[in-house]
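Alright, structures below, take your time with them.
Below are two complexes that have chain A in common, paired first with chain B and then with chain C.
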Partner chain A sequence: MTARAAPAPLPPATTVGVLGWLRKNLFSSRGNGVVTVLLAVLLAWVAVNLGIWVLVEADWTVIISRAPLYIVGLYPYEGYWRLCICLLLISVLLGMSWRAWPKAARRFAFGFGAVMLFVGVFPHEMAPDHRALLLLNLPFIGLGYVLTPRPAEAHPGRLEAMAGGAIATALGRVAIFSTPRRMVIAAFGALVLIMILILGIAGVPGLDPVNPQDLGGLMINLLLAFFGIVCSLPIGIGLALGRRSSLPILKVACVIFIEVIRGVPLITLLFMSRHILPLTFPEDLNIDRVYLAGITITIFSSAYMAENVRGGMAAVLRGQTEAAHALGLRGWQTTLLITLPQGLRNIIPAIVGQFISLFKDTSLVYFIGMLDLVEMGRVSVQGNQEFIDNGREVYLFIALVFWVFCFSMSFISRRIEGALGVGRR
Partner chain B sequence: MTRLLYVQGVPIWRNVVALRWAVQVVSAVVVLSTIALFLLNVAREIEARDIPFGFTFLDRAAQIPIGEAVIPYQPSDSYLYGLVVAGLNTIRASVLGVILATAIGILVGVARLSPNWLLSRMALIYIEVFRNIPLIVQLLFWLTIVLTLPRVAEGYVIAETVFINNSGLYLPWFEAKDGFWPWALITAIGLALAVYAFRRLNRRETETGQQSYPLLAAAVIAIGLSLVALLILGPLAIDIPQVEGRFGRLQGGAQLSGSFMALLVGLVVYTSAFIAEIVRAGIQSVGKGQTEAARSVGLSGMLTLRHVTFPQALRVIIPPLISQFLNLTKNSSLAAAIGYPDLVSVANTMTQIAPAISLFMIVMVSYLSMSLLYSLIGNLYNRTIRFKGA
Partner chain C sequence: MAETSGVQAAVDIPADKAEILARPLEERDDIVVCENVHKWFDDFCAVRDVSMRVKRGEVVVIFGPSGSGKSTFIRMINRLEEHQQGRIVIDGIEMTNDVRNLDAIRREVGMVFQQFNLFPHITVLGNITLAPQRVRHLPRSEAEALAMRLLERVGIPEQAQKYPAELSGGQQQRVAIARALAMQPQIMLFDEPTSALDPEMIKEVLDAMRELAATGMTMLCVTHEMGFAREVADRMAFFDEGALVELGPPDQIFNNPQEDRTKLFLDQIL
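Up next, the complex of A and B:
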């Protein structure tokens, strides 16, 4: 008969479970405990006061009664359904990204769907057909998910697809297909379609052209930031290559361009573009300020993009270049086929970061008289006697909108960084 | 004839040197002619469309009011002087902002690494909230808060000396008396001596391992000299804001206008969130092995921090920190949105009567020189921290 070994004594209750966690992380020493208690009191005080203010004292009519102005500006009401279709397109692409790249895109798709559900169900003035179109986003995300083939475990084009898809997912416009080429085609198709839907085409029934000046609100912030990034990528690559080149005058010109643009505030560039850019177009061509803003933001962004690209290319290991030379590739072939592609993969997180800061910077276009989200808020407060005391509500709402976008993008950027193994190669 | 095109039997279009030169020349011509074409085009259009341009306006009277100024200003002063006043306002906001943002950023960054879970989470929330909201929204929000403060007569008063109300913050400040400059000179000498002593003792400590208390010695030298001189010379008086007149207007002391406070709070909060992340990354970049090795050769926790962790973290922290300082300086141009008379805001007002393009060329050159100054500092620092020897 064998004696049963006595069970090992349990660890003391204060070192495991909730109590143990509390002790280790909050009350590890006397000073720590004091800090914890003080912070908890402060936190509770802030939370209670903020909660009371948000739920009881604040008057949110300034937001609810003018909601469309903040989102789409002065965009004509008859065209709202076109914007809803754009959202549906984005939903499909998001659903596709979710399937192809579940880790990063799933939460983004969930978040987007949740926002659509909220806006579609929230009790406020909204035409039922627009409501229906917004709610339709939920099945459309699923549609995109179902349409996309499951990514193979070790697909040859996987890395490229991930790299391209990283940008795509983060910007929420493009889906990942099993091959990069199909993905690029889908991206451009969706982009062109969205632009056509937003701006309209003269002569096509139902697609009446919209005056670009009527674009505003959050829509114009997103559009400017997105096109700023997309257009600045090729220019930035060109500038970075120019800066690396051995042609002295080209190099000096690129360096001066990059450093001047990076050395001055965007607001002064916007001001200059208001006065100088029209001079470079024929006098009778009255160029709209939306395009002026777009050009300026592209120029601004391309200088920063050039530095990103340069950094990414500098991080490519020397052995790569040497191997390329050893294989008999020429200088330009090495750059275009070896250094640049690897450099671009390195900078994908940086591009997302730049998109975030560009998105925040687009709020400066008020300086050339555009009604973006921030300016719309300011006009709401300062231009209406009845809302003159509602500044806090308006700016908190705007802050929340920007925060949701920027935070979710930086969250995704971190996921991409992990998935690409940046800094681990 | 074709023989001339051959050098040592190689045709000139296959000669590497000649080809390289040809590419250089062609690229130079293309770049220069593009730039020239652009400039000529703009110049021609400026002429053709009668757009005012030139710099002769600079010594005319500006005739615009500037709300607050570091040096005395009146509307009859020249444009150039007005721009200098505005530039000083920009520098005032930037310098104060840089100092405060660095201090708060370091605190939050260290708090982020605290073993206290709650403290570290709150630092994280601070960082994630404030760096993900555009600065201009934050500025407008703070301005709204400042404007909802009570009026001057009903404003908050702290200890009868500090006044807070919707026109700004009023603080007691120093007033220079006769002995100010000699005192300033002595303080400067004291500072120089303190830096010298710090370096000397620090090196001794590093080389011989003897405790030499460099920080303590430096502080004693600098503060002691300055205090002794202060007591002997009596160069400073304290000027406390006073309520004057029937409307309770405040006179004296240092006055920070409401828009300046909003700008400063916005800039500091926004930038400190970025600086906190830089500080956290810098401290984390020092490998754990470094600390462990330092502890195992017998350095105390404080000495480890000072001689091992800190110098290595600083290498990682300083370059991005300087670029944050530059960002803060550039971001101070958003003052134009909340009515603080900085360089951009004043230049924008001036464009109503003065040539806009010339004015903004001046503004851009000013910002460029500030950013050049920052990169100069950065380069100097990079040179001093470069690994020496071996």
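Up next, the complex of A and C:
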């Protein structure tokens, strides 16, 4: 850099005030002005009517009085505290993410804390100890933040983070830390703990096993989608590598698997898993439908994941493999150390997109008799004479819940994209 | 540091090699032997019947019009391209389909690319230590010490913890040189190392190459930097239409080219 002789001239002013902006964008001609006014009237009319309905006419009893059913299904009340502990674990992980990767995770951590605060203080029926546990989420986010070492001055270690935790990070569960490997292990440990807390262990006091069929509501949508995406990542990577392999049998097997699964709607796979697959099992083998759904969703997702991974790896420049070969790295070393990490970085947005789509797809599990959020809504309305007219409230609420989750995911995804510099080389 | 002056600080030259390097060029052994090498891309003959012998410690600059097969030729020396006819022997190792031979040759030969090809997802230090750790199985501490010595040699030790994208083109190319040297190769290939650089960055890369040549490294450089060639090259090779048209010392090439095509090409670019 050479020293500047004179300060560089400033760019011309880009804003000309609110009125100027309005004139330029909305009222640039008579026709545009008319369209603007008409649309504004229409929007205002819709907003006012909807607002009146939401605030005055709608009867939210159907939601408030049955809130736990939508959130956790038929999960036994005695176990609610275990779910609260799970939330606390997630809070710690979010706090860690916030410290390690403020750009991507800070607002999400805040948002999560805000939701917990809202639910914790909202005046409705809730045991005071559950209320207290929910309110504890705020300090636990702070705890995670404090426990995490400050990221290295310049960068967190991206290599290990990519290999282990990028995907989980995209979902806001795992942070990329200055010591990524340890933190990824901590995060996976937390996930195992969460599963243990939710399902319980026979013989451990306080952790009575829960019948998997009692899992329901939003919780089952989230669990199926999350474990579907986490489990499908390694399988998808394996399939993608198999498809790139030069061994004909392996390659053909992977191609057939991927194309067959991608060519079939999820709902038919779910049907087969419930009604056809068990025909092939030994008679005394009885796999719960929750696990069948989980396995099916994982298989479904891994076929798409495989294609994502393959695309991501194909986008890695050829010079990268050439440089690796020139340095004497073997083929598999090149794949594992050079192509795969870069390929995975390329597809983080695609993986989040897939998570969002999978999350919404999990509402199909009603088809094999599970009470997920949407099905719980249907049951609430159609199964109760008193709520038979409250369908609008229920489905608006469900739509809002799905939207909040999906929007948060895509928000994080964009943040991570920016932080990682995807598209920049 | 006291040891910044020499390659000895960074690359260990075994005693027998040092003894060979002390001899005049003519009396040294051939480290690269190419005999009647051919290469086709489909029906297009990219390299035709090239024979060349390079002495240990010799610097050969390869030049010629684009599409003349010069890049393909040096890429065959570490088998980024496979030769389809003829014979290539690197430091006594015959280039065959045998994986062990290929591994041995790639340990002997380092390469620097036009587009640098640094690994964008790892730090500068990680780029340099990766292959020494994974291929030569150096312990991490040793690999990092080696990397820092090499970075000091190319003048950018302070960039070790950065990612390649944060460096200028010239700095990236110097990292690429350090990365190749970290494998302690006997031969260095340069494939248009300055062609993707802004003019003010060319010098820093050429300086690093000059310094490397001064330490007795065998170098094959595809480059259009004729000033560099005149100053550093022991011999120059002119390629045209896949063939090695003329091979001789810079003095001959510049002042008394034996082939019309060489003369014509030099007239065009000088």
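Everything that follows uses one rule, which is that the second predicted complex is superposed on the first by the 389 of 425 C-alpha atoms of A that agree within 3 Å, B and C clash if a C-alpha of one lies under 4 Å from a C-alpha of the other, contacts with A are read in each partner's own complex, and residues count from 1 in each chain.
Convention: a residue touches a chain if its C-beta (ideal position, glycine included) is under 8 Å from a C-beta of that chain, and two chains touch if they have at least 3 such contacts.
What you see is a predicted model; the values in this text were computed from it and never measured.
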Chain A residues touched - chain C or chain B, whichever exceeds: B
Chain B versus chain C as contact partner of A:A40, first or second or both or neither: first
Touched partner set for A:L337, first chain B, second chain C, both or neither: second
First, second, both or neither for A:G319, with chain B first and chain C second: second
Chain B versus chain C as contact partner of A:L279, first or second or both or neither: first
Partner chain(s) touched by A:G328 [first = chain B, second = chain C, both, neither]: second
Shared chain A surface residues [contacts with chain B and with chain C]: none
List of chain A residues in touch with chain B within their complex: 25-26, 28, 32, 35-36, 39-40, 43, 247-250, 253, 260, 262-265, 267-268, 271-272, 275-276, 279-280, 283, 356, 360-361, 363-364, 366-367, 374, 377-378, 381, 389, 391-392, 395-396, 398-399, 402-403, 406-407, 410
Complex interface listing, chain A residues touching chain C: 152, 154-155, 158-159, 162, 317, 319-320, 322-330, 333, 337-338, 341-342, 345, 421, 424-425
Of all residues in chain C, those that touch chain A in their complex: 78, 80, 103, 106-107, 109-111, 113, 115, 117-123, 126, 130-131, 134-135, 161-163, 165, 176, 179-180, 183
Chain B to chain A touching residues, read off their complex: 23-24, 27-28, 31-32, 35, 38, 41-42, 45-46, 48-49, 51, 115-119, 122, 128-129, 132-138, 140-141, 144-145, 147-148, 330-331, 333-334, 336-337, 344, 348, 356-357, 360, 363-364, 367-368, 371-372
